[in-house]
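Naming follows writing order (A, B, C and D), and every chain is counted from residue 1.
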Amino acid sequence: MAQNLDQIFVLLTGWMVSYLPEWLRPYGVAVLGVVGVLAVYVTLFALTTWFERKGLGRMQNRYGPNRCGPFGLFQPVADGIKALTKEDLVPRSADQVVHFLAPLVLLIVICMGLAILPVGRNMVLVDMDAGLLFFFALGASTELSVFMAGWSSRNKFSLLGAMRAIAQMISYEVPLLLSAISAVMIAGTLSLPKIVEAQAGFSGILPHWYVFTPWGFAGAVIFGIAAKAETNRCPFDLPEGESELVAGYFTEYSGFKFAIFFIAEYLGMFSISSVSVTLFFGGWGAPLSFLTFIPSWIWFFAKVLTIIFVFIWVRATLPRLRQDQLMNFAWKFLLPLSLINLGVTALWRFMGDGWQRWIVCAAIVIVSYIVLGLWGMRRQHVAPRKYSYAD
Amino acid sequence: MSSWTLQQSTNEHLAGWNRPQVIKPEGDGEVLEVSMGPHHPSTHGVFRMDVKLDGEKVIGLKPVFGYLHRNHEQLGEKLSYLAIMPYTDRLDYFCSLSNNWGYAMAVEKLAGLEVPERADHLRVILAELTRFQNHASWIGFLAQEMGASGTPLMYAFREREKILDLFEELTGSRMMCNYMRFGGCRVDPTAEWLSETRKVVQGLHKFVDEFENLLTGNEILMSRTQGVGVLSHDLAVNASVSGPMARASGVNYDIRKVDHYGIYDRFNFRVPLGEHGDIYDRYMVRVLEIRESLSILEQALKSVPGGPILDPKAKSRGIRPKAGEAYGRIEAPKGELGFYLISDGAGSPYRYRIRPPSFINLTVLEDMCLGHNVADAILILGSVDIVLGEVDR
Amino acid sequence: MAIDQELKIEMGKQGVVVTTLQELYNWGRKSSVWPMQFGLACCAIEMIATTMARYDLARFGAEVFRPSPRQADLMIISGTVTKKMAPQVVRLYNQMGEPRYVIAMGACAISGGPFKQGYNVLKGIDRYIPVDVHIPGCPPRPEALLQAFITLQNKIQAQPLTGPNRPRHLDAEAQGEFPVPVQGEHDLEPTSNPGVWTVPVVIR
Amino acid sequence: MKTIEEIQAAIEAAVPGGEVTIVMNPSPAAQHSLLVGAGKAVAVAKFLRDDAELALDFCSNVTGVDWLDREIAEKVKVTKTVTKTVDGVEQQVEETVEETVKRAVPGYLECVYHLYSVAKKHGPVVIRMRTANRSDMVELPSLTPIWRGAEFQEREVFDLYGIVFTGHPDLRRILMWDEFKDHPMRKDYVLPDDFEYEPTPHDDVLKRAEAHRADVAQEGAAQ
């Protein structure tokens, strides 16, 4: 029964496809898969916007939307209807074609990224051998569309936002990749389902997730920070920078095009959280050995939503960095740390089993974190101060 | 009236030490001119900055005023002395009670009126409550400008609502209190109101601690504010910068201590001073200042005497001071708030002038912003603590 | 288009929700009115207070204050519009996409309020742009803004999508762009938009 | 702090030809002021700022005031030769009569500075400067080079009163728009707006209110 429930979508697809002629079946599987994944993620998007508004509200002592449907659950529907029917404005001097293409390019690229995510056991649309590479290649091309949006709008704020976005996304791609590589080094594959399988199994009741190793923990943290920067989420939301650049690169977008940017931002957040779940948090694996009866896809989405919650939590808590600090942080803190982490991963691999590698690797990670952190703070001349009073 | 050809703005011909330096763009010298405002999320209303950018670096900045110029001064010259009082509420709409006090004091100076003990205590209590809510909201807005999604602002406004409830109970209005009168105050507070105020003040201590725990030690806040927007002591004095902003630059000048107005002499409080003159100092000076305000409030609430709240000789309605002039000033939350009145013996002032602290504090905005980022310019503007009702009047 | 109201209520009790396109569309519009983050004067502080914890405008789905006029649906004229600011207000209104709504918050936005006699004060924003809801008060309390917001929602809900009373954005002949006044040597030129506002006839 | 007379003496000793006179303030505030001639005003201001004892380093407030042309009625003693009949004989007699003479005094624009000392914590010292008249000789020296704090306030005085400050680094309109031609704070400024067509004329409202009150009274009587 648990087995069937776990594989329910796979079985369902198989059953539906079985009515098709033989030669059509691969196409049927593909279409059903694409529709299924898109439907799930778009529903998740709607749910998350609601969740974010409610959660943010709760962290700020207020209710959040509660007039549309039970607990305001239909709020995203109303927003959708409004966004669909809102007038679409294009500035007179804007580059009409590029202005139109930018949100589309962003959405398509991000949707393509969803294809390689293993959302459950045997549940992945495209099982590529180099799935991770494909994902990062797509991630790099989102920068293009952001820049297209900013450039074509002919708005100075958009332009500044686009410039910031390019600088930020390129910088943070490096630590993002480097921290992902350590997982690849241990798993020995670029295929995401295989990385999940490499983390399967339990010692006692605890799983073999990479996050429970020194290098994996550091990698997960670096990946999480870089992921926030890649998706332009607070505290790295400089390209939008509401208090500085009005709305950043999409200042001039209205109506449905703006909604597409909105959707794409959230889908990007999902896909990058999914990848981080896959790389460090055991993908669709259960967190404790006696919980394996719960279907794998439930675990996967529970983990993704937990990470999304952390995103929201950080958004409600932290102020934004400045552009140069953002760059310093990427190149002078995250990059060295992730390089050291690569070395630690290699050490971990070649030291073999035993408690020594735990101590050595953990020591290197902690010491390098503290040293780099102190050095960075010292260079910034930032410290709490003492104040005196007049007479 | 004759007209003149306006002299164009050039800073070079006047190479005084107290002029903003001139920064030349690097590289090929392409300059991006951005007009921030009058509609911009972080300009505190309808303020505009014409910014010249080299990349993201600010190499020139001209503030543009007047988008909320509501002609307070001219209206004041048409109205009776008492009818001006509600207009002062709308100057700095965060701190209506401080404005009331400043204006009432100027008229009292002009007409030679005394204020009873009880009214003086009440004025201190209300002015310090006003200072508290102004500074607390200011900290919230500063965090908002740093991009903190409004959480600190929500917490600050939660406390502000409690203080506004007190104001409303006493004066009948949340924001536009119109409470002070020449020679005293308008309504006598009940004992319940005073004990309720004591309770609220008790709770505010906890709030300040909580707020500081959230913000003061935050690394992002520190790295965003320390060393940014530095204002030197000498320039601050020369440019007539006043209030917490001047004190953050180390200028030991608190009108409560200097002029001994009201009954501030009787209370123990200290004046915090900054050393660096950057945004962090402005932030910390305000935090320490609201702690001192709480101490003043506690002392004042302990010692509220009985008696009348209005000078029996004073008549607010139809007051006609003798010909002459007077300049009265108080330490408003934003700095030195002065009222200059010239009377020609009529029922309305011949000249009614407001010395707005936040307007004059903006004099040094360009000096502070040059060489910094756009994001910093927004923060520096926020750190001045402007309210457009007062800047443009 | 016409549904029997009684039948509809009855079916609602049975668990069947019946609606028309018009109702769905109006419901979507009214439940997701995103205001523009745009404050003018004193009333702006009360507007901020309305979005804060105690009054929480977010309950109506309106906490998404967009700083860019392109993405906003509602413009809350929160405070005195001066003659120096009026062209910018009209321009911002022109930059908003349809459907768009305007709430004139406070005495100043309605008529100039206490500052009406000033030389730089516009005597009511409805001289240049159409206003949906006026809120009196100086400044109106946050509850008044909530009331105005609910009034606006009711107004949207009741709008027929066809016929002579259809909303402006569905009327192909309706004016989309409003002329921006020019700052002249002594005053704004013109002093009002005759398409929106006419001089009231005073009968004495 | 020095008294106003001492300050005047100090200025005259330091800046010869400073044309400093005291303007008394009869109100209870007793903030007397010094009228400074425009010619040496910058030198006087520099002295006030840099003098070790005065050290007026803080220019708090800068204000314009518009004084209209007025007529002053003065009583003047006039000696006239009058032909009178004394004791039946016509004689030429010299007689002193008090007459009221009306004299037109040209108006002027005035700029008032309130100075404080941050270093010595005293003040205010009020100095004022006057233009020659209201229409064409409206130039005054700018004190912005001495006190930066006067920069925006002098711009404001220029905008609203039309006093031209020579030596000001950036004299543009500050509150009104650049195309604006008038100086609205002058006493003879005429508002551009016509309030005639504003709704709710007051008398009408009163009349209706009275009618309503009468109705209510009638209803009350009927019940």
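We take it that a contact is a pair of C-beta atoms (placed from the backbone, for glycine too) under 8 Å apart; a residue touches a chain by one contact, two chains touch by 3 or more.
In this text, all values refer to a predicted model and were calculated from it rather than measured experimentally.
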Contacts common to chain A and chain B (chain labels): C
Of the chain pairs A-C and C-D, which one is connected by the greater count of C-beta contacts? A-C
Would you identify the chain whose C-alpha centroid lies closest to the centroid of all protein C-alpha atoms displayed? B
Distance between the CA centroids of chain A and chain D (whole Å) is 67
Can you work out the whole-Å distance between the CA centroids of chain A and chain C? 38
Inter-centroid spacing, chain D versus chain C (mean Cα positions, whole Å): 45
I'd like to verify one number: the distance from the centre of chain B to the centre of chain C, where each centre is the average of its C-alpha atoms, in whole angstrom. 32
If a residue has to touch 2 or more other chains to count, which residues of chain D qualify? 175-177, 181-182, 184
Chain B, residues touching no fewer than two other chains: 40-41, 66, 69, 71, 74, 154, 158, 252, 392
Two or more other chains touching the same residue: where does that happen in chain C? 52-53, 67, 84, 117, 119-120
Inter-chain touch pairs (all): A-B, A-C, B-C, B-D, C-D
Residues of chain D touching chain C in the complex: 175-177, 179-182, 184, 189, 191-193, 195, 197-199, 201, 203-204
In the complex, chain B residues that touch chain D: 1-4, 6-7, 9-11, 13-14, 16, 18-19, 65-66, 69, 71, 73-74, 109-112, 235, 237-242, 251-253, 258, 321-329, 336, 338, 340, 342-343, 350-351, 353, 355, 359-360, 362-364, 392
State the interface residues of chain B toward chain A in the complex, per the touch definition above. 32, 34, 40-42, 53, 56, 143-151, 154-155, 158, 216-224, 226-227, 252, 254, 257, 270-276, 280-281, 284-285, 288, 373-376, 378
Complex interface listing, chain C residues touching chain D: 83-84, 116-117, 119-120, 123, 183-187, 191, 199-200, 202-204
Which stretch or stretches of chain C touch chain B in the complex? 37-42, 44-46, 48-49, 52-54, 67, 69, 79-80, 82, 84-85, 88, 92, 114-115, 117-121, 138-139, 141
